[in-house]
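Shared between the two complexes below is chain A, which pairs with chain B and chain C, respectively.
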Partner chain A sequence: MTTANAGAETAAETVEKDLTVFLVQRTGAEPDVDQDLFATGVISSMFAMELVVHLEDTYDIEIVGPELSRDNFRSVRAVAAMVLRLSSAEAT
Partner chain B sequence: MPDTPTLVKCLVWDLDNTLWRGTLLEDPDVALADEIRRTIVELDARGILQAVASKNDHDHAWQRLEALGVAEYFVLPQIGWHPKSQSIKTIADELNFALKTIAFIDDQPAERAEVTYHHAEVRCYDATQVAELTGLPEFSPVVVTVDAARRRSMYQAGFQRTAERENFTGPDEEFLRSLDLVMEIKRADEVDLSRVEELTLRTSQMNATGVHYSDADLRALIADPDHEVLTVTLTDRFGPHGAVGVMLLGYHEKVWHLKLLATSCRVVSFGAGAVLLNWLISEAAAAGAHLAADFRRTDRNRMMEIAYRFAGFTDDRCGCLDSLPGNDSDPERAGIEFRHLVADRRPEPTTMRVEAPALDSGARA
Partner chain C sequence: MTAGVDLAAIDTLVGDGPAEWDATGRIPVELLRKLGAMGVLCAEVPAKFGGLGATSLANGELAAHIGGLCSSLRSVMTVQGIAAATVRRFGDREQRRHYLGLLTSGKLACSAFSEPGAGSDLSGMATRIRPAGDGTGDVIVSGEKMWITGAAYADFVMVLGRYGDGDDGAAAMVPADAPGVSIEPVPSPLGCRAATHCRVVLDDVRIPADAVLGGGRQPLSLLFTIALSYGRMSVAWGCVGILRACLTAAAVDARTREQGGGPIAEHQLVARHIAELYTSERIATQVCVHAAEQWDRSAPDAAVTAVLAKQVGATHAARGAATAVQVLASRGFSDGHVVARAYRDAKAMELIEGSTEISQLVLARHAIDTI
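Moving on, here comes the complex of A and B:
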């Protein structure tokens, strides 16, 4: 149990790091893991599309329908949680 | 039935013995014939861009174009010692135009042949044909919109904008703020509609339903008190982007029905779609109305789906949807789903100023 939790934490950190790198590359700014990504004007439709496609390609997941919610994309932490949830669902 | 030829979107001019009489290296005072000046001005007014591919010293030739008072009409001048096929390819790539929409005029058969050899799609004309050009169907768009007449200045502003963006090292948000963007949303009149028809035809990626509302459809709805037709323009310190969006709303007691939202691909990277949606959501919140947006998945509009979802729209059911037209009764609405939102006040955008009318529901009791 403890081991599984530790593993999950590591994975979340990995996704958060990767995502932060992507955001820095594409927007020039480094957000905090809990920073509201919608509070600034940077999430254009084009960038949102690039972000979704990047996550799908990198983690071999599909993000469709209700998963494309504002809550799932609100912060780096929220996105990482969604990625882990979807990738474990694909695996099972 | 005669085929309509593909319209020319950019004409590339040779200079020596084509645009001007004589060769610049031999005669520094080469002159411009009146009929050529007229052709340049007329094509510009029709929204056809014009560029230069000339074998000359760049600064020398450009100074002469300025002295003749026509330099401002040209975009992306390619003046140097490259093969003209390469110059034309560069122009087409920079404009993001297909080669079949490019035309080239040159007095030298060898230059035209060189271009044709590499790019058979480019239409080539002999310098002796200059006077005929404005009479040819490929240089005669059926409708010339306000934006068409300003197309060249919009492209020139776009090149400046791109150059600044490339040199800007800070975050995107700061760059956007530095542009002094102003979005103007207004109730459409007939002139505005002629500008957006092109938009609803062209922007299939950014059209939520793939349904094309014609100029006549929208015109009929302007006078209808139960509908609102809004057009959107965007301006920044480099100049206007022109008409960049159109929105069609149907008013119902509890819900505003967003039937059409189309925005130009040119302004997607400025976040214009999200700003527009957030403005509408705040207006609906002020009026105490829910929002229901038509959405139909096409091969190309996933970006639109994401835009709606990220703005907070869901496919949840709500009682307000019962008052809207059923999708079974009308074959035109086949496959259209609702995306629903309980509107809430949204913060003002940080990257642009929005000028818009209040969508007052008080007028409709």
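Moving on, here comes the complex of A and C:
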């Protein structure tokens, strides 16, 4: 992760941007960072699992147990925050 | 050996039970507990939790082997595996240790999705998993589940529902003997008769908060997909088992039964049946192998490949079982016979874990979105 040493805000923005690119590629939708991804139908049931697998692979993290709460997947901003929290936890 | 399991030992335990289980609608629960304690019913559970640590591919071959012996037994294996896969993904550290340990030491679990008003459309799910709100920290589970496979044997019913009063999901490990749980098998199901298909009523069942996997509040769609995807893989491989059993029965019969001065395999129309059965078995196997490999490498399209495998497996199994009955004719035309069971059981595979039509909708949507 090249973002690990960058400033916290920059790292979050990078993840948010990468995630948005992924969502555009895979769903055709380009959500705002605070848009509710489930309520607005960006994440379908088939895609939900793909997203989890994508995040685990891309950021070398494990998203299990309580981390799978809907709050962590509510928006691009929420997902990015979770990714950063988990990747810094795995690094230590 | 598949997944580190001695298949011959399973064959010995199962013996000639399936025909009788089909007739009586029950598998001896001691046998299920024994297979459970061997780790066979949820073979993908990692060794650190007491499981066999099988890959998706090895577990698939195991499901095919057991599915070739008895689809009812394979169905019990499927639902135990769904519960274990859900615990593994959604449970916290302690829950994983606790429940996966139990599920690999003889305790049995089923998984409860469908409701009277929510079959294919699980978004209609009305079951609620709510904090009791009385200072005990307990949780109250209320709702009605329908067509719950294996519930008659289960020590735990893994209940999927909505969390609190909102739309988020939750999965709870409800002890089958908790006050307020009633489990009632549907009489005389068409197929997988000994798996038991039950109505499960949850009348304000009180459970401790730590029975709710990961504390709940997960996206309902994510809960469904993780749990159902495991089920679809297991059913798909079970269909491979059905096809293998039918192919064997039909080939042996066609080779040995004589009509018109020679074995019936020499009659071209019978030979075509054998060719079609063989083709179906090969197609279903290859699609299942591909899907399992995608799972084992955590491929992004794993969930879709599971739907495809289930769809191909179930439709070929339904057709292949009918073909096998056609070849064996009167020799396979009584309940309990391997092809007669396959004929009824395979039809059930076209209905569960997403009917053929629902699977087609998912596959069409995938094609439209990605091609």
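Just so it is clear, the second predicted complex is superposed on the first by the 85 of 92 C-alpha atoms of A that agree within 3 Å, B and C clash if a C-alpha of one lies under 4 Å from a C-alpha of the other, contacts with A are read in each partner's own complex, and residues count from 1 in each chain.
Simple rule for what comes next: a residue touches a chain if its C-beta (ideal position, glycine included) is under 8 Å from a C-beta of that chain, and two chains touch if they have at least 3 such contacts.
Since the structure is predicted, the reported quantities are computational estimates derived from the model, not experimental observations.
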Quick one: is A:29 in contact with chain B, with chain C, with both, or with neither? Answer first, second, both or neither. first
**Asked** Should A:48 be classified as contacting the first partner (chain B), the second (chain C), both, or neither?
**Response** both
| task | State whether A:57 touches chain B only (first), chain C only (second), both chains, or neither. | result | second
Both chain B and chain C touch chain A at residues 27-28, 38, 43-46, 48-49, 52, 65-66, 68-70, 73
Given the complex, residues on chain B that touch chain A span 169-173, 175-176, 206, 268-275, 302-307, 309-312, 314-315, 347, 349-352
As the complex stands, chain C meets chain A at residues 88-93, 95-96, 168-169, 213-219, 221-222, 224-226, 229, 298-304, 307, 362, 365-366, 369
Interface with chain B, chain A side, in the complex: residues 26-29, 38-49, 52, 65-66, 68-70, 73
So, in the complex, the side of chain A touching chain C is made of residues 27-28, 38, 43-46, 48-50, 52-54, 56-57, 64-71, 73
